[in-house]
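The following blocks contain the structures, represented as structure tokens.
Heads up, the next two complexes both have chain A, just with different partners, chain B and then chain C.
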Partner chain A sequence: MAVAAAAPNPRPASAARKLSRYFHGHPRFSIFLLLSLPLLWLGMVYFGSVGALILQSFFHYDGFSGKVINQFTLENYGELFSPSNVDIVIRTTAMAAAVTLASIVIAFPLAYFSVRYASGRLKALLYLAVILPLWSSYIVRVYSWKLILAKEGIISWFLAHLGLTGLLDKVLQLPAIGGPSLSMSMLGMWMVFIYIWLPYMILPIHSSLERLPKSVLEASADLGARPGQTFRRVTLPLVLPGVVAGSIFTFSLTLGDFIIPGTIGNSSLFIGQAVLRYQGTAGNIPLAAAITVVPMAVMAVYLLVARNLGAFDAL
Partner chain B sequence: MRSKNRAPLGLSLAAIGAILFLHIPLLLIGLYAFTTEDAAFTFPPPGLTVKWFAEAMQRTDLWSALSLSLKVAAFSTALSLLLGLLAAFAVHHGKFIGKEAITFLVILPIALPGIVTGIALRSALKIMGLDFSFWTIVLGHVTFCIVTVYNNVIARLRRTGFSIVEASMDLGADTFQTFRHVILPTIASALLAGGMLAFSLSFDEVIVTTFTAGQQATLPIWILAQLSRPRDRPVTNVVALFVILITTVPILLAYQLTKQDEV
Partner chain C sequence: MEEKLIAVRFLKVEKHFGEVAAVNGVDLEIFDGEFFTMLGPSGSGKTTCLRMIAGFEQPTSGRIELYGKDVTGLPPYDRPVHTVFQDYALFPHMSVGENIGYSLMIRRKTGAEISRRVNDMLELVRLPGLAKRKPSQLSGGQRQRVALGRALIDQPKVLLLDEPLGALDLKLRQQMQIELKNIQQRVGITFIYVTHDQEEALTMSDRLAVFNQGCVEQVGAPADIYECPATIFTAGFVGTSNVISGALAEKITGKVQTLTVRPEKIEIRDPQAVTSGSEYYADGVIRDSIYLGMYTRYTIVLDQTGELTVVEQNLGMPRKVQPAPGMRVRAVWEHSSTRTVEAGR
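Coming up: the complex of A and B.
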């Protein structure tokens, strides 16, 4: 052991050793030193920019000159309540809610299966199958649905073989969720959103199920509850924090996305696209900033509720 | 402990369905990279060919996008390793007010929608009169990559505890010796895993990048352009397959390296 060998050697204190002693004697200073770089980056670059953005949402935008004037105003927030913007906010929030609900429904059985019935290699495999899409290839995964939803693509092929093409056409004729084709409908967009954010729902549910002691379930059964009753009255309430933690992600990520609504679906705008449009071509940063405050505010409320439900422990 | 009984059929089917739902789309990309069609996505593909791979190899715009993406990912990973490591140490070893806030601070850039980070950085750059460059892309990527390093390192530090550090100090090692000979070997694999996740995250990030890249095209930006104006469909399929492979390998390695940290 190199360390042990170096110890009994009584040599004069080197610079490194002096410095080391100084750190040891001044723990506060050492912590400050350790934290200064990360804090400088996250605190100044990230929060500085986000803070400046929020500040700009209170500035006046002169539509004629296209310039931002540093003058306090609430007009951008007033603009938020214009019919077209309210429309965008409602559409996006409704989509985020629908995506979150569907993700819970799909994620729960998989997480439950993995925790209760899988072990060893199968469990590890299932875990990998979930984290791989979580960390990788967002844009490629969106792209893959271009292939799937195409008129000549796999869904149409599959439905044609089942003789269900007529059913698809009927569904696409429905107002609000339909469209000329799957890739140009809200239904298609909803499917893509679920696909992209699903892993973010599975993992927290999985980890809160994992923490649910088996003894609690056995106690419930011993007290005479049927499996269904145990599930509803014991499992579900205890796993709720995990579900809420997962929905923080699915909800927030859907709210801010502009690539999926720009690729799949019709031309009706979502929050992310509106932000992109206002800040880009018009240079109306104040209004764009005010719109980004919407997902931030929704998330702040959501996070507060989630914290009271103990969802942070399930992250 | 091996008292796992058989799952109800409905549950098994639902679980299998979810896994298929997550993975069939990626398999399809693998299939379409070989299709003979160049303007449609007919399923099943009318024929298979490898000519698009050769065509993709000759595209200079792809090579420059790839090299930009790799450079950005390399620098972002290096900076995230440094910053994540420092933050994890401070939070693990120190006692100070606002310790929980640090964890929150690190997670926030990845929990908030990318568009918030993106537009905030862009308007900050504009205010400060900075032009878009290679470094503005890295600046954005590091903010959300720190979390992967931080999480992996802190999980490892928590698992190993503080006693080996104390033992090393008791045996006369100074802070730097302890770091080099005791701490670094224990956290090395966690650090590596965090770095690999950071690399994958940075390599295929597109939302924040659209705001901080200006006219530069990373590989994901190249794909994004193809999404709105499809010009080279077969080549895009090849690129997509390539991106899947290049991001999957680091994630699998990271998983191998940190398996024991999963409690």
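Coming up: the complex of A and C.
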């Protein structure tokens, strides 16, 4: 006790100091305070709305009165399996998959170049070029693409000057992806989707490549692996989490989008448009809710498959 | 003299990074089966030389030969050498066993052969039973052994080690030094070891090269380098040395020259001590003494300009004069303990 008495006086305790000492002594309480706002937001606004959505998908919709009746039913999910709705789901999922694949193919070399070869100014410039489009309005960019892809648009003009109009016409005559012009074809829609979502693929791949130490690639070459083998055995598995993260963006954003399918392409519906139509025009909120569950289920399946393929082993 | 097989030969090798000459005309011969160390401060070009042997860097000019064959320009995967990296560079997504068996897998060996040889290698690097672990579940010392096993498994002709013990703590490091040396003797592979730690270099090497500013200052066995440093740089970098030059050297030896003497070769005697004809001496005052456990280090300010560092073992035996700061003393050493060096760079 004598020792304690000889110790210098602790600093006088003001109210603020008392408070900070209390937090220091009760770390759990501090963490609780820190997390209460985000938890409240996530819990109520986010999970609450998802819960409400799923709940509504089990409600009954009376087609005659146009009223939603609080009565449990599976008829909305049955409705999903009607031929027209199955078409919509397949079309949307196929488009999302095609957009994702193309985005990976375009994003990977770009990110690889930027990480491994570009330095200083060039790297900054590339980074800016990737995120710059995100600063401008999405609607404006989609409508600009409508003009670019139109029959009298710049692509047709350019191809005509190369004498390739015949080729374009042949491509547009293909079933499923063709149409009267690029702007009214699935091919055109695919291109616009890729353009719009590409940054969301480049950025995660870029950051996972940044985390890949150069020495690991050198070690692979040192142990006898040619560049192709190093890519397959080392680079790809280690960058896969980034690719999956990017594809979650491109895949789910394509699944839910209704503006691009409404602007570019033909009149066949995508999931987003179907939701809008059932909910907005017809007031059939339960069916709209059931359709919204589809992309969530597709994403869940996608992530499970990715996990089983070992996409997250490197995390 | 027996003819020695030359494993690695550098012929007038230069490497420039932009304006900077990292390696500035290195000629070097490393013999088959020896433990060779490249010693030098950071930026002295030793790591760049190692990376040129591995093929990660190409020389700007000059030639590198492996067992008489010109390998300049060959990519790393076409060279019979493997590297143990400073940061280990283990593949984080593979297990310990997959890491060690990587080069065999690349060479399309059968699964049975790979697992047999991986198990043998795990024994050699003393990690039995850890094949299934991930690198992230290992300690630093264990990762070091995995990196070593991975590089040794397909019996490269030369093993390159880039400061492999740098990240380990002192005790583990000393243990690994002995173990590395044992493994090298057992497998009989040429080891080329890069370090900036002179003690490590002296302990482990058969021969070593001292690097400074992109050039090789001296090549030789550890005892030769320590006892007969050829340049002031080597004398100061490998161990510590007193450098005596100019007027001071003339006063002591009667000749203007540059010479070095190791601190432990100097004896502190009382100021009137008689010296023999085979001894040099210098008088001065002890400025400070630092007790270091096994020995004590004294700094003596000489009457002529200059200082001498002297190290005396703490033998615990009674002596006439117990040196202490402020005391006038005579520092005495044998003629044979001095080395004449080039004034150098």
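Everything that follows uses one rule, which is that the second predicted complex is superposed on the first by the 254 of 315 C-alpha atoms of A that agree within 3 Å, B and C clash if a C-alpha of one lies under 4 Å from a C-alpha of the other, contacts with A are read in each partner's own complex, and residues count from 1 in each chain.
Rule of thumb we're sticking to: contacts are C-beta pairs under 8 Å (C-beta built on N, C-alpha and C of every residue); 3 or more make two chains touch, one makes a residue touch a chain.
None of the values given here were measured: they were computed from a predicted structure.
Once chain A of one complex is fitted onto chain A of the other, the partner contacts of A:G224 are limited to chain C, with no touch recorded for chain B. Shared-chain residue A:V234: touches chain C; no touch with chain B.
Contacts of A:Y77 after superposition on the shared chain: neither chain B nor chain C is touched. Between chain B and chain C, more residues of chain A are touched by B. Of the two partner chains, chain B is the only one that A:L42 touches; chain C does not reach it. Comparing the two interfaces of chain A, the one with chain B and the one with chain C have no residue in common.
Interface residues of chain A, counted against chain C in their complex, comprise 213, 215-216, 218-226, 229, 233-234, 237-238, 310, 313-314. On chain B, the positions that touch chain A within their shared complex are 2, 4-7, 11-12, 14-15, 17-19, 21-23, 25-26, 28-29, 32, 40-44, 82-84, 86-87, 89-90, 93-94, 96, 102, 105-109, 111-117, 119-124, 126-127, 139, 142-143, 146, 168, 171-178, 181-182, 197, 200-201, 204-207, 220, 223-224, 226-228, 236-237, 240, 243-244, 247-248, 251-252, 255, 259. Of all residues in chain C, only 54-56, 75-77, 81-83, 85-87, 89-93, 102-103, 106-107, 150-151, 154 touch chain A in the complex they form. Only residues 1-4, 6-8, 16-17, 19-21, 23-24, 27-28, 30-31, 34-35, 37-39, 41-43, 45-50, 52-53, 56, 106-107, 109-110, 112-114, 116-119, 124, 126, 128-133, 135-148, 150, 152-154, 156-157, 195, 198-199, 202, 248-249, 252-253, 255-259, 262-263, 272, 275-276, 279, 285, 288-289, 292, 295-296, 299, 315 of chain A touch chain B when the two sit together in their complex.
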